[in-house]
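In what follows, structures are represented as structure tokens.
Here come two complexes built around subunit A, the first alongside subunit B, the second alongside subunit C.
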Partner chain A sequence: MALLEVEDLRIAFGSSTVVDGVSFHVDESQVVSLVGESGCGKSVTSLAIMGLLPKLRKSGRGGGAAVSGRAVFDGVDLFGLSADQMRRRRGADLAMVFQDPLSSLNPVVPIGRQITEVLERHRGLRGEAARKEAENLLDRVGIPDPRRRLGEYPHQLSGGMRQRVLIAIAVACAPRLLIADEPTTALDVTIQAQILELLKDLVDAEGTALLMITHDLGVVAGMCNVVNVLYSGRVVESSSASRLFAEPTHPYTVGLLGSIPRLDLPIHEPLKPIRGSIADVIRWGDGCAFAPRCDLVGAECVAGEPMLKGEAHAHRCVKAEEIA
Partner chain B sequence: MTIAKIERLDRLIEASVTARDAESGSLWRQSLRRMRRSPMAICGAVIVGLFFIVALLGPWIAPYGPTEQTWGGEVFLNQNIFPGPRAENWFGLDHLGRDMFSRMVVGARQTMLVGVVATLIGFAAGAVVGGFAAAAGTFGGRWGERLEAVIMRAVDVALSIPMLLLALSVAALLGPSLTTVMIAVGVAQIPIFARMLRGSMLAQAHSDYVLAAISMGVPKARIVVSHILPNSLGPVIVQATLVLATAIIEAAALSYLGLGNPDPGTPEWGTMLADAQRFLSGAPQLAIYPAVGIIITALGFTLLGEAMRESLDPRLRRQQ
Partner chain C sequence: MLRYTVKRLLQLAVALLGLSLLLFAWFKALPGGPENRMLPDNATDQQREALRQALGLDEPIWSQYGEFLSRMVHLDFGTSLSSGRPIGTELAERLPATIELSMWAIVIAVGIGIPLGYLAARRRGTWLDFGAVAGSLVGICIPVFFLAAMLKVVFAQELGWLPTTFRLSPGLTYTEITGLRVLDGLLTGEFDVVWDAARHLMLPAIALASIPLAVIVRITRASVLEVVGEDYVRTADAKGLKQTTIRGRHIMKNAMLPIVTVIGLLLGSLFAGAVLTESVFAFGGIGSFVYQATTERDYPALMGFILVIAVSYVVLNLIVDLSYGFLDPRVRVRK
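Now for the complex of A and B:
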């Protein structure tokens, strides 16, 4: 059985629906990614799973999110839990690594205390025991001289080290699912590779499942088992990573792959960008939302809702045969 | 690599490690180190330090008793004639023939006491009210929000009453005494502190590290106390130093209106200022000494507070 099963997730802020029926699942010790450009709903999806979106009030004011659907984690629907039950799971069963390591750490609290805080909360460790464990964690994420680092403040660490600290906090209680929301976006390229390596090692060693939110297909190729490509709030293609890269079937995926610079292409060959930008021109109910930007667009593309077809390698395109 | 080269590398590494160690240490120790380098902080600290020394040691520094009178045919009340500064009386004599310098020095203690205690009362009560309102509004759900709205509207009402009037009403309720002045002035500062702390906490409540702490299942109370509060205190501390200055002025106003310490034996800068008003046209120096004293003290606290905020602010820390 899947560890996390997201079914028909819908998220709306006021009248605009940002996630429109997303389903995917994450198995034990599997690395699954949600890929898409800015605004496709990938970060909101992860925040919804963690229960971190602002709640909708009965009055309808205040800009809360209306979330429907199910997110079944280990047999329990996370959306059905009370705030208190959810709080007990966060950090212990599911944990999250955020995008910007500087603003995600409290600037006036030494990192040691930010780590022991979680250990106290979920593992009941106190005093010297918590300190020792925090030291171990820092050591595990590859921070040299951990004992001294515990007393330092976030501004004294480099960007890569801060992200390592965040990862240490996230894995402190051996969560079964780790959600990483663009964990390498704020870092430079050499550090990105180290952080990905670290995440991969931790996931392999503990058998943790990892849900990776990213817009970087290079990251996906490097570490993910399963890829879900999101466009305008829906999954447009879902398959194992190797098959997705070998034979992409949705024009959007093809476009994403085509816009990556490649070492084996001639030097002056221009990149092929996808035309336009993401916009709510067409609702999914009327046709394919990607149609306005698609090179292969035809009349059948906007004649009704395109369905997700296929089992192992699913796609949402009526012209899939033409691409293959 | 030759041995000499390796040794040089070792030395370099050692030097960089010691340099880094000098940069570490606790938050307060670091900010202290930064403050020692800031001219603003030094000026403020010197003024405040001198003020506290004078306030504490006043009776021993003063050459005469604060109530000792020298008539000697020098002071003519009706003709506005008072001896100005001279060797025996540095600041001259007042309308009752008392040594102004001694009265200034001895009076500093009352001024300090009123300022500090009133500010502490305002700070403590305001922090409780504002902190509670912010915590309820952020994490208390729907009822918490309502509670916050009620508290903050009450604070708004208190804030809309002129501060002196508020202090005056409290003082009138309690009767004239030194304690009254402290409480009255302190109570009048509560709404300011409450608003400041709440605003500052709300700004922090939406920061990424709070979201990160929530995502790790840290309990709400703990997030408020150990994450939001320490990050919100900076502006409130600066406000406290500014309020100290206002408190001194307000205490003077209350004394002038007859609600201060009724004992004429203990001089106070505010009362002295009020007394001097009668002779302003003929002998303005009587008003200038206490007024300048109040201004310099207020300036000292403001400089120190501003420097403190800058050195405590992690965002400004790297720029030096």
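Now for the complex of A and C:
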């Protein structure tokens, strides 16, 4: 049985739907990614699973998110839990690493306290025991001289170190699922590799499942087992990482792969960007939402809603056979 | 932190020196000169010259300034022209009343303003938020002397719930320790004094608190709204922390920075409000003293008052700055 099973997830802010029936699953100890460009709904999906989206008020005003569908974690639908029950799970069973490590840490609280508070909350550790454990955690994420670092503030640490601290906080209570939302986007390229390596080591060592939210197919190739490509709030292609890179089926995936610089291509070969940009309003009902940007677009593409076809390697394209 | 404190203390010394220069210049620039006010109109030139020498007014200006400085440092402000008593004594007698009144006003303003501003921010767009914002607008708009007079008329004179004037009911015995009567009553166990002093304080303290309260509600609301949208609050939520922890450690600790700054600035305007409030309630503090000094052109008394107010303002702001360093580690380490 899957550790996390997301079924038909729909998220809307007011009248605009940003996630439109997304389903995927994460197995125990698996590394799964959600890939797509900005605005495809990948971050919102992760926030919905964590229960971190602003709640919808009874009056309907105030900009909350309307979430429907199911997110079954370990047999329990997270969307059916009360706010308090969810609070007890967050940080313990499922944890999250965010994109911007500077703004994601509280600037006026020593990092030691920011680690021990989660140990206190979910593992009941206090005082010296909590400090000792925080020190171990900092050591585990590769921060030198951890005892001294406990008393320091986020602004005294480098970007890479801050992200290590955030990772230490996330793994502090040995969660079964770790969600990483673009964990390397705000970092230098050299640091990016180190942080990915660290994440991989940690999940390998503990058998933690990892849901990686990214726009970077390089990150996917390096560490993920399964890839879900999102476009305009829907999964357009889903497969094992190796098959996706070997035989991309959806034109959007093909486009993403074509826009990555490669060392094995001739020097003056230009990159092939995907033309246009993602639309603000999702329209899947009248046909493929990617059609306006697709080179292979034909009459059948806009003749109705394209369905997700296939099992192990699923895709949402009516012209998939032509591409293959 | 020590470095920061020492630096702030040095800045304080510079500020006080500048203040003394200003005061001295103001005193020198006054028309007439003190010998004309102290002698009758028909005094001879010799008499005037003799007095000028006695007062040291014939000495060079810098040595007069030195003399002035040394007197200020020794808290020797001269004699009041209207009462004939030493100004230092007059101020020392009246200061506790003003301190007590201002303290209660700021306690009311902070104690109600911060929670109310927080609630307004967290329930943005509800009737509570609307009420707090509208109420604070009214609070800022009503002049202190008008509010003080209205409170006195309604609650003291018409309804008779609270006393109209003074700090204690006549005939009540009272043991003075600090001069803050509620505190003294608690220290000596004279609970009738505590109750009576509190009743006398209530109306003036509310009147004086109105503007700071309104400002604190507004600034807290704005500050909390900003902090709530920060990524680190989301991180705190993602950790599954209790809401009380998120509120205290992650929201309020950050939101306090602008609030503390504003409180420091409000303390200055509090003294101005105290002058008006005290005269409405015959509270017997420094406010009514300065009111009298102004109407009677008692310049030495005014100067003593200005010095005391300025020094306390500078010291209070030093405390605010130090607490800022305590709240925000980024201030502490800045070189």
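Just a few scattered comments:
As a working rule, the second predicted complex is superposed on the first by the 321 of 324 C-alpha atoms of A that agree within 3 Å, B and C clash if a C-alpha of one lies under 4 Å from a C-alpha of the other, contacts with A are read in each partner's own complex, and residues count from 1 in each chain.
Here is the rule we use: a contact is a pair of C-beta atoms (placed from the backbone, for glycine too) under 8 Å apart; a residue touches a chain by one contact, two chains touch by 3 or more.
What you see is a predicted model; the values in this text were computed from it and never measured.
In the model built by aligning both structures on subunit A, subunit B clashes with subunit C.
In the superposition on chain A, A:Ile191 makes contact with neither subunit B nor subunit C. Once the two complexes are overlaid on the shared chain, A:Gly151 sits against subunit B while remaining clear of subunit C.
Contact with neither subunit B nor subunit C is seen for A:Ala2 once the two complexes are overlaid on the shared chain.
By the touch criterion defined above, A:Ala12 reaches neither subunit B nor subunit C. In the superposition on chain A, contact of A:Val297 is made with neither subunit B nor subunit C.
Contact with neither subunit B nor subunit C is seen for A:Ala129 once the two complexes are overlaid on the shared chain. Annotation: subunit C segment clashing with subunit B after superposition, chosen from 43-51, 169-177 or 241-249, is 241-249.
Overlaid on A, the two complexes show subunit B and subunit C touching the same residues of subunit A, namely 50, 52, 87-92, 95-96, 98, 100, 103-109, 113, 117-118, 121-122, 153, 155-156, 166, 169. For subunit B in complex with subunit A, the residues that touch the partner chain are 23-24, 26-27, 142, 207-209, 211-219, 222, 226-227, 230-231, 314-315, 317-318.
Residue ranges of subunit A in contact with subunit C, taken from their complex: 50, 52, 61-62, 86-92, 95-96, 98, 100, 103-110, 113, 117-118, 121-122, 153, 155-156, 166, 169. Residues of subunit A touching subunit B in their complex: 50, 52, 57, 87-92, 95-96, 98, 100, 103-109, 113, 117-118, 121-122, 148, 151-153, 155-156, 166, 169-170, 172. Residues of subunit C touching subunit A in their complex: 124-125, 230-232, 234-243, 245, 249-250, 253-254, 327-330, 333.
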